[in-house]
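Take a look at the structures listed below.
What follows is a pair of complexes built around chain A, which joins chain B in one and chain C in the other.
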Partner chain A sequence: MAAKKLNMRKRYELLTRGIGWETSYQKMDDVFPYDTFEGIKITDWDKWEDPFRLTMDAYWKFQAEKEKKLYAIIDSFAQNNGQTNLADASYLSAIKLFITGVTPLEYAAHHGFAHLGRHFRGEGARVACQMQAIDELRHAQTQIHTISHYNKHFTGLHDPFYQSDRVWYLSVPKSFGEDALSAGPFEFITSISFAFEYVLTNLLFVPFMSGAAYNGDMATTTFGFSAQSDESRHMTLGLEIIKFMLEQHEDNLPIIQGWIDKHFWRAYRVLALVSAMQDYMLTNTPMSWKEAWDIYFVENGGALFEDLGRYGLKMPKHHELATAEAEHLSHQVWSVFCALGNATGFHTFEPSDEKMDWLSEKYPNTFDKYYRPRFEHWKKQKEDGTFEYLASLPQLCQVCQIPMIFTEVKTDPMQLSFRNTKFKGDNYHFCSDGCKDIFENEPEKYVQAWLPVHQIFQGNCGGATIPEVLKWYKFEPEDGGDYFDSQDFRRWQEWHGKDEPAKTGSDN
Partner chain B sequence: MTTKKKNTAFLIVQDNEDARPIIEAVEQDNPGVNIQYEPGMVRMERAASLIVKRETVEVLKGCEWDVQELHLVLISLAGNVDEDDEKFELSWG
Partner chain C sequence: MAIVAKDGYIDFVRDKVENFHGNQLVLVSWDDHLLFCAAQAFPLPPEMPFAALVSEVIPSVFNWHDEFKDIDWAKTQWNLDGEAFSPDMDKSLAENGVEHKSLIRFKTPGLTGLNGTRI
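Let's look at the complex of A and B:
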């Protein structure tokens, strides 16, 4: 009788079970030293199951197929000078922030999952983490390959990994990644796979990538969606690990709730950068940050936590504040980048008149009242030649490392939100109750934070003046500043046969 | 409990040729599904659950189709995943 093809369930079982063993000449606890100290109790690792039941052979097959499709598009984009068909060269600011902010985080996630792929005791979980480690490496690589084409034509894309370790606003995603990496394996996977990937990553990879398509950037759209197809697997893994831990022992619940509260807030603060990409850096925007938040967090996240309610799990702490901030977030973040636009590795610009009208429509309660006047004021100052960038360095939140720009959105949106706490005689500052709570739970960890502004003042960043620090960041003089004074803008005008560069406003 | 609003399960795929039979199969097999075309992507959503059946996709495609080929066009999803050789299903409990 011919051998019958095994079904998916059986194949998964054979390729993920029975491939480990009880060690005899070393204690299991010595072989797997990291998976107990966090207090998570696992009684039966075999209960772990990957709902996709993906085996290594199928994984390689499908990933190879995805890569072929992606690289065909990257090639054709380059051959057809796709960069000239973008909606506008100012859109590249989003790509510059992506490669410096997100890509190094993908690489950090690769490190983390490679570690878990060795150190979880259960083989099924190890196999899933090994695949994810390869995925994350693939994401970093495909992002670099795709964006390297833009590096031939535009500024600010030359040293993403070097800059990730140094630049003031890049410490926001970097410190989040390191916060997760320096935790134990269960906290790491809760942070990255669940809080970041399941609860929040749709906000980055779905509406933003759809936005890239809307702005003529097929190459980015394709790597984004190609990465997101892996993310779907990661999200499912994230949900699975949460359910697995909760089902293993009731003592796990409070630990997991604490991690979800913490990493939701940490990851959400990182996504503040994405809110500005979505609303301001995309020239044409198919969906606002607020709309994306309502669909992907309020609705989808709500459904998720309702489902997890049967285990006793609750919505992450301070989620109401995050939702209340959705009407303010992108405006506040983009404002700070514009005010410090001489110290960014991408170009800043006031929104065009058309964009401001779109923002008014999407943010009827906040944009005209609080933010339009600010951008119009700066626009006028630039026309009059009186505009000046902030000459001082901003105070940073000790936890999320974002300048203290957020406000009391629930009571007085014009009042800066400012929290502080004392630890061993020193005073620490926070942007929100969310960040303050995180600090107070683990002060010993966060007092060690590498805060870029403190480091500058301590003389560790190339010098005491802005040009010295920018040189240390490897920011070239043409990388930052106003878009309409930039090399990117002049080149764009030349490509499109406009030899009289407009002075202000992309609507010219 | 019957009056309670059911949470939405969704599946988002790339807007391309490979995904077309999947989208059509979802349309056939999921009464009341809402299908939205956004730049570069197609979002399919339905209250409580959503299913992709191998058989339907194969009839529309005119050739064999492995349920795991969904990975090639998948962008995102919401719901608990239940997958085997015959179907890929998302549902909220």
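Let's look at the complex of A and C:
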């Protein structure tokens, strides 16, 4: 008898909803022990709508196609020595920060979704999370495969996962991922799928994918596109879970609002690193951080929250501060990397004259007034041979773990923003009201934070001197420091037939 | 607000002063000198005289700045954990009220960064 061909909806029902059942030997609460303690009330899991109705067999087929295309392009990039066609080798700083900062976060997301794929009671949500778990693993893997080609030619790409667990600035994305992973399943998915992927993801993809395309990095552009088709599914999941929770019970609203406030701010602080990538590390920049923020957060995010207003949801708390910071963020972050450039796993450099003019144009209210002087000062010191890196360790924010470099942008942009509180007799410091609020809502969690600076002083990071700590990070001597003194720069000059190392290399 | 957790929650503080081998963490910031980007962290014995903070610890890092040599310490204005204060140079950090993870800020009248740009 010939099998009857089922339509997609029917197949989805049989292959997804049909795999769940009401348990009888064990209590449902024992089988699914994690999906109630957060206080989210779900009265009917069957109301879960999966907008893609993707079955596992169809999923495997789609993904296999994408992989085939991606690996064909990566192979031809390698065979054609694509690395020589980049805009400049200094562009690699962005890739180095990406593989050490973002790729481990993809892996953490895989870990979290695998957990949800087992522990959500509703089988529709469970299957969606299982697919996302595999997607995120695929993202980590394809990023490693693509970037491994650069590891043959450039420094600083050798130990991303090892470094993610140790390095001072990599604790920023790591602690965000672990904050979400150590929460309950509904908070995790609100954090990653909604706050990060739905609300903020374009701010990562634009500098990264368009940035790669603008700088001749076709390999990265290709895996970016390959990941982005998964990303649109993830964003839909993010929106669906928020609506589902809100529709299930009115008591869910304040809990969800609190999570959105928290994870918006956490994710936004992680993106501070991306802002520096976008405005400073990319040789050619498709758009400034401020332009991207205005389009993707102020406009698109504003419209999203207007739409969600019918559920009673409001814009994330402190979003106005994030918008006010948009004219300052990348400059403040790149300044601290330049000052501590002997302790980074990528090369730092003052912007070229051309880049400074671009920054003045994109940041007419802030760059010349507040930021140009420090870069010109360091540039001059380097020309005079008097430049030294700052040999000390900065104060860190207890929550976002970024050095406390942010300023009072609304009242006095040259005044550092200091916030603090006491908990059980100890002092705690924060970079902003956003981070302070997060701490005060769950102090028991953040008093456990593994702050890299404090760990160094407690003797847990290989020694008390900077060289000992860098060795413990597995930073090789040629990984950090100024780009124009680097092996990457010299190699780039050789490839392009310039044996006179010119200090103006990034100006062209 | 207390944390929402499945089964209780471990009571663990990672940065207790006991973990710093006899030191306490002290944070120091020089106002109007943003070349430093942030306050700087130092592990210091609580019995260290405040004078040693000024003559040894602070110069070890802050002399990175060209204006450092021009500081008149007699005129310097101090702030401890958000309050103006006049340190007793002969007394220890602890006796001056400097706690584990206290923030000390100092302002140097007349010195407002390179060319007055607050960097």
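Here, the second predicted complex is superposed on the first by the 495 of 508 C-alpha atoms of A that agree within 3 Å, B and C clash if a C-alpha of one lies under 4 Å from a C-alpha of the other, contacts with A are read in each partner's own complex, and residues count from 1 in each chain.
The criterion applied here is as follows: a contact is a pair of C-beta atoms (placed from the backbone, for glycine too) under 8 Å apart; a residue touches a chain by one contact, two chains touch by 3 or more.
This one's a predicted model, so the numbers in the text were calculated from it and none came from an experiment.
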item: Partner chain in contact with A:214 - chain B first, chain C second, else both or neither; value: first
item: First, second, both or neither for A:388, with chain B first and chain C second; value: second
item: Chain B versus chain C as contact partner of A:304, first or second or both or neither; value: first
item: First, second, both or neither for A:71, with chain B first and chain C second; value: neither
item: Residue ranges of chain A touching chain C (in the complex, touch as defined); value: 33-34, 37-39, 184, 332, 335-336, 339, 373-374, 377, 388, 390-396, 403-405, 407, 414-416, 418, 420, 424, 426-429, 440-445, 447-451, 453-454, 457-459
item: Contact set on chain C toward chain A in their complex; value: 1-6, 9-16, 19-21, 23, 25, 27, 29, 31-32, 34-43, 60-61, 64, 81-82, 99-103, 114-115, 117-119
item: Residue numbers on chain A that touch chain B, as the complex places them; value: 7-9, 51-54, 58, 62, 65-66, 69, 202, 205-206, 209-214, 221, 225, 228-229, 231-233, 235-236, 239, 286-287, 299-300, 302-304, 306-307, 310
item: Touch list for chain B against partner chain A, complex; value: 7-8, 10, 12, 14, 38-41, 67-69, 71-85, 92-93
